[in-house]
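Following are the structures in question.
Next, two complexes with chain A in common: one pairs it with chain B, the other with chain C.
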Partner chain A sequence: MALSSAGEMDLSHEGESKGRDPVLLSILGLAVVFILAHAIGVLPSWLVRLPESWIPPTAEVLDVVFAFVQNDLGLIHLTRFIAEGPLEFMLDATANLLYGKRRWPNLGPIPWTAIAAAGTVLGYYLGGWRLAALAGGTFLWTALIGQWDIAMQTMSVLVVAAPVAFVIGLLLGIAAWKYTWVDVVIKPVLSILQTLPFFTYLLPAVIFFKVGPTAGAVATIIYAIPPMILMTTLGLKKVSPEVVEAGKMSGSSRFQMLTQVYLPSARTEILVGVNQVIMLCLAMVVLTAFIGMPGLGAKLLAMMGSFKLGRSFEIGVTIVLFAIMLDRLSKAWVVKQPEHHEKGTPWWKEHAFLLAGLAGFVVFYILAQFIDVFTEIGRRQSFSKGKEIDTAIKGFLALDGVRAVTEWLRWFLNVKVLIPFRNSLLWIPTSAFILLIVGFSYWLGGRKSAIYAAIFFTIVALSGWWDRSVITLYTVISAVIISMLIGIPMGIVAARNEVWAKRILLACDTAQTFPSFIYLIPAIMLFGVNDVAVVFAIVIFTTVPLTRYTIEGLRTVPLEITEAADMAGATRRQKLWSVQLPIALPTMAVGFNQAIMFAFFMVIIAAFIGTQDLGQELQRTLAGTELGKNIVLGMNVALMALTFDLTIMAWAEKRKKSLGLD
Partner chain B sequence: MDTVIKARNVWKIFGADPVNYLKSMPEGRTFDEIRADGYIAGVKDVSLEVSRGEMLVIMGLSGSGKSTLVRCFSRLHDITGGTIEVEGQDIMSLKEKDLIELRRNKMGMVFQSFGLLPHRTVLDNVAFPLEMRGQDKHDRRKRALEVINLVGLEGREEYFPRELSGGQQQRVGIARSLAIEPDIWFLDEPFSALDPLIRREMQDEFLRLQDLLGKTIVFITHDFDEALRLADRIAIMKDGAVEQCDTPDQIVLHPATEYVAKFTEEIEKSRVVHARVLANPVNGSAPEGEAVRAGHTILQLARQLVNDTREELPVADKNGNLIGVMNRQEALDVLLGAN
Partner chain C sequence: MKLKRILSAAAMTAVAATGAVAEDSSDPIVIPIHNWSSQIVMSNVVGQMYEEMGLNVEFVTTDSQAVYESVRLGDVALELEVWEGAFGASFREALSKGGLHDAGDHDAVTREDWWYPMWTKDACPGLPDWKALNDCAELFATAETGDKGRYLDGPVDWLKHGKERAEALDLNFTVINAGSAAALWAEIGAAEAEKKPVLVFNWTPNFAEAVWPGEFVEFPAWEDGCDTDPAKGPNPDALYDCGNPATGYLKKAAWDGMEGKWPMAYCVLTNISFTNPQIAEMAKLVDTDELEPEEAAEEWLAANRGVVDPWMSACSG
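Up next is the complex of A and B:
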């Protein structure tokens, strides 16, 4: 299976003689021997599956270690102090302001109209009428549909988590840029953090930081920090040497250099980091529903659980609107450059937007004291059409034509494709499976990748969760293959036409801002609760990066090269296969890699639908205190994801270098 | 004239362990041999002096080490060997605090791609060095406006760098480097990023400023014409070493090495050589008649040289004092480009 997905890439190896590499041949040969031996029943059983007795009690050991750190070293007092002290204080304050929780400063809740007014002005300031309409529209929709309170529950965590993640990320980013050793230590931690399934963030958060918003906020913060670190370091490294020298020649001290020269010059990258922090926070905050955090995510979870598709759909729309709004506003902030005012501009004109925003806020705040609907739109007044949509969707799905299609798809995929594939993967002996993966890594990424693959998958085998891991892998691979069959052709077709390419890129861009949770809604709607729905959800989720990077890869092909191909008399097809695709492949590989990472992410969330893989077990740990097991499961997912990540990125790097694209 | 910058046997080597490499390096190692050892000689055994009020132009192709050398003078680079004295102070011995002090009060630098801070207005960019040394806001503004006027950017104080043209941005860079009234002014290819017409205009502007201010200047360029136009003295660099350091006249008349000769080949010497340089000491009595001005180039004197019939011409400075005699044939050779 690993080889079948690799087969898609093999045109890049034209002219290379990797096929005759003796190392690769012996790895694959050994794997084949094991498989054949297993087929005729002569393979020793310890090569088929590791005996139980060989499996080290990692989870138990970890539990002991955690118990020691938590209780004997007293870490829990520190974390609980942070949780109950400053963090809870901030969360309570925002909760009071946004939805009126009875805590200091006891001012809230702020009327929705006041927030909507201020948000609209902010939208106008950052991006004109379009963004004003987007921001205003989002708030208006949320209020009118009757979800203002739950939306504000989510936002109250977000507005604390995002700034905290920003500050921590910025400081760590500066440290990593300034001290090499910090960079060396942080890099591997970041790559593990970015591949760890989110359930693994949640349980430690719960154990160390109390259940509820505090744990949710902590998990969210940790989850959102990595990109901020990376963007900060990147931005600081990119500051032009002349600007640095100009700062030095102006006699700046070290501190002045950092605050007055480096950080302001890295503004763009830092703001891109802010955008990513906000988006990751939103994605995570929605998922913290799994540890009982109230808000949009929890509501969505409950509605999906009771199969109320109409309400689920409405909440989905709210989440999507918030995602798009936050994304567009923060991106507009990135590109917003300071504008000068002519000399003698009165101060009120210089701060016109600020004043307008304030005025809108105050006016509606006052009006809301007299007009109730300006403060809150109650359940009965709301325009929610949950039931009607429900009936409509269910009616649509019950139509004979639709039902026939979905039923057939479900049957075909399940019986003819997914289950046989899964069973054959499970049948392969562990030893042969690892050899196949190592062979794949060796073939694509080279020796170093192969060594990592061997180590990582051996750890997975030793964790004692081999079968569940294989099921996880099976879901990921099936979904990615299907989305490649959809996404790559779609990208190729779209890239032919500049207008369409831009449109599809914009759509992909927007789709990537949605919290992953959203993708479960259509899957459940169409296929109910089963394996096909899981694969379907992953497929929509992963088709996005595949399409996007295919288009971007094809667009990076220099114009002269395609013109040269045209002048050489290449047909469209020849041009695509022998000119454009080989040059676009390294970029497409990035998309492929992202698709696999996304798939690993989604497959874990899909545990909610009812899978039999690691995600299911992970979700179960959330109910208890089995921290050790939780970490072991999480590491399994991370190690498998990292294997692919390292291999594919190593290949893309190598390829880019040999094409001279860097 | 006192010496402002004195560089002696300065080396700047890039590589893994430059200090020890330089110590153990055998004498007379060439640039290519050093490179074969895995090191790059950015500056190779350079000795130079810059006098007060002088404009030294360092000329060389890209990679010749001219930018590296000027960064050694301002200690943006730490040198590997030799000594650099600025106003009698060994700058390598300065502590960070003293170095910052020196830059805050004595040095200004202009950069090829301007090095402006993108988030600050013209006014704030120019005031930046003043802010760094903690001057109060009112003073800062006043002084910044002064220099902004000096470089002809009045009315643009509130603009951001990206709203200005290249030439205007470099005016901001110049104004910023002048804000602290530096004694020493480093200019690293300040006009190279500008298109030819603007470059010419900025050179004139620069000469005007220098006339007004009389700073000690180290000016870097890869453009020989620019060097000839501006310099009191020119140092020509190749592979990190100074090939020749002399007045434009001497460089054109007596190139020290093959490399310099190749540079000067295409130059019309009569535009560069001044009568003063061709004047020999008066031997016996000076010739009668009208004297030529010492400060004029041979080209400026062309008509006179052709029309005159005397063998020897008296050369006088602008006050009319006789400083020597010039052989007319020799001057005509320069004019006609004969060797």
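Up next is the complex of A and C:
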């Protein structure tokens, strides 16, 4: 109780001091003056919107720079060499093995039964019968539903991209840990990479690495590297001095120190990085369908393009199953410590699982030569229930109750909330808008965050895409507010009960691994092509982290404190508001931050519903070759996202410190 | 698979034995596929024809606008569906840069314009005449458009000039751009349950005709120059006051180097000419019968040997 009241006092105290802060007051005061001046029409027009002539031709300059790097410096020859040489070779080899593309080594396709058998044994080795069932079940489902070939097209890129991303990430991580300057250079680059919309990864990949799987693989690799670097550095920094001492005492060379001492000690963090690499690769490999990657993503797009809800849904399920399988298997690998056999164990016993896997593989490989369905299940034999699911979804959407609710929501949100909100944001003069954002950052994050906010939003204003940036921001803010109204109460209720918390967290996981653009069609069918559908599609995504971190945050409240509150006779409500929530707030802020990042990600995808924001322009650049414009737009999204990221994280840090949680 | 390979080997030796034509290269002919079914099936049909001739074929998925750049550079060898309305501009641009050429028209014609599913007509019997639109505008109104009607146009980058047309013809409609083809179908699909009148952008040949029977709105007939000369069309002061051409072309395009590298395949390509019903049938096999594109192509070929065999035999002699 003492802690919490201290925290509360601290909070109110902070609020008061902030309220009187002259810097904050003058920033906000200036913003208000600008707004009022604009309202009575006396604000100079250059403060309302930057005049066209002030906008530097960033996109054109970037295009020239890229043309120079690409052609005059000959970078394109290097990248094309990589694309057509080693990378294409690896992709071709896996493509041959997994789905029989006619390339070296001309052995494939490996029958699905053989892969399923080997996968099941691997699952058993890593996590007992449960993971065996998961792995085997995933492969079985994929084959039976008639998606084996397209799933393997996706996997053939994944099995190349993930290891490459792992190696590059590991090396860069080691470099960043070893040399401070690398760390200094790499940090901001990583932050930008993590907030850049994926459309911005795609176009340069196409230009430098040729349309198709190679570009897809490159974009996937770049997308997946950042967490690997971060986790490697984190792990290496944590290695305890005693271990290092021991290594030095036994006279290890520097290379030995690295490979025998540091890396094994950082094993857990590195493997967590591997897990993230795999998950990000899977997410991205689906999205690369936009630049001609065949596989699950491409099929999903084609199915959506011909209005096949049921089949799209089934592909979504396959992707989720693969994601869960890869996630659980790699996590099991993190937990599993290396086994050490006694000397004299016969070699077949040491390698029992490897042998069992091989045996299963060989047996089914041979069987498949005689039994056709063991090699391939065609559409006619598959168990796809596409049409039935279609009917079910359409039937649900046509229910009178559902109709009435969505009609009302569409009217209320559009006419009463979203459109007025958008119009007023667009009405605010650019100068006042930037000041308001800076004020917000100053209030939450402090001076440093405010300076970043000022720089970042000024760049956005100078990009010449201000109105579209504001519309993007409007969608993000609306979606995040709505998902807070849904996600936080849901988290609070779920956190009361362990069983429910588990169930909700599982639902969160599933909702998140579902390929994001699958939500677009139901959103349109419920609300039509307009902002409500866009916001709805984003809300499905952003509610997840809010719920999750609310649950996590409330769970971390120390038991002593809640008990103390009980003893002090606090009601359930008092306990929640004055004890639990203040302590959980820093953790919830992380969820809030993630929600904003997800919203920036999803708002770009929502261009497929129909928007007038940066996403729409970004989508248009994909078809052409306007690399400069693509990057300018991408940077706008990244800079806005980063402003919020830096501000909220700075606030969470401060709170954690003042609560003594860190 | 094995059997097919043996057969194609036999076909190849047969051709080689006649010795009448220059040998086609054994490099794979790369055929681009896009994200709509008729094009995917048609590409597979042609691919399987080439395979029967003993050639190697490979498919790559590409963007349907960016593909002309790839054809021009020889990254892909040909393009089987060049729509006048949708891809005419990209095609002509690539044509002027050089590297690809027109490989002849299909028999099929294409059309794209404002369209409505049949149930709309029950509520607004004056259709398909465009003059009926203003009387029915309220039927198409939604929460956001007030008493104005709502027309869902294709994505902005398809450049369909819906807004300009609504203004030029003084239509009491708000034009909204969908973000993708999928968004158009979702909108029709959502209206289907209640048979709510909707007006959306659509085109033919297209799978949607089979799912939702419907009609195009009959705007003032297209005149050449309607998009550049205000005098054309009923409104003397505005552009885009006509409907789109009702019989647009559907072309094939080929990389300039294709004829030299695969003379026989190129010859077959120039002979190919599908009709509207044939294309609709290809789309139906995938969209309604739920076959995979390769299976649909096999099935279509088996049922239409009489159509394709002459194209092939005309080139092997």
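Annotations for the structure displayed:
One rule holds for everything that comes next: the second predicted complex is superposed on the first by the 613 of 662 C-alpha atoms of A that agree within 3 Å, B and C clash if a C-alpha of one lies under 4 Å from a C-alpha of the other, contacts with A are read in each partner's own complex, and residues count from 1 in each chain.
Note that in this section contacts are C-beta pairs under 8 Å (C-beta built on N, C-alpha and C of every residue); 3 or more make two chains touch, one makes a residue touch a chain.
Remember, it's a predicted structure, so these values are computed and weren't measured experimentally.
Aligning the two structures on chain A places chain B and chain C next to each other without any clash.
Shared-chain residue A:643: touches no atom of chain B or chain C. In the superposition on chain A, A:242 makes contact with chain B only, while chain C stays out of contact range.
Contact with chain C, but none with chain B, is seen for A:403 once the two complexes are overlaid on the shared chain. Touch criterion met: A:264 reaches chain B, while chain C stays clear of it. Using the contact criterion defined above for the overlaid structures, shared-chain residue A:214 touches neither chain B nor chain C, since it reaches no partner.
Between chain B and chain C, more residues of chain A are touched by C. By the touch criterion stated above, A:288 is placed in contact with neither chain B nor chain C.
Here the vertex is the CA centre of chain A, and the angle it makes with the centres of chain B and chain C is 150 degrees, a multiple of 10.
Residue contacts after overlaying the shared chain place A:419 against chain C, while chain B stays out of touching range. In the superposition on chain A, A:387 makes contact with chain C only, not with chain B. Put simply, the nearest alpha carbons of chain B and chain C end up 46 Å apart when the two models share chain A.
Those residues of chain C that touch chain A in the shared complex are 28, 35-37, 40, 56, 58-63, 65-66, 69-70, 75, 142-144, 152, 155-157, 176-183, 185-187, 189-190, 192-194, 207-208, 211, 286-287, 290-292, 295.
For chain A in complex with chain C, the touching residues are 101-102, 146, 210-212, 289, 291-294, 298, 301-302, 304-308, 311, 378-380, 384, 386-387, 394, 397-398, 403, 407, 410-411, 414-415, 419, 520-521, 524-526, 528-530, 606-611, 616, 619-620, 622-625.
Looking at the complex, you find that chain B touches chain A at residues 71, 74, 76, 100-101, 103-105, 107-109, 111-121, 128-129, 131-133, 157-160, 162-163, 173, 176-177, 180, 186.
The part of chain A that touches chain B in the complex is made up of residues 240, 242-243, 245-253, 256, 260-261, 264-265, 267, 337-343.
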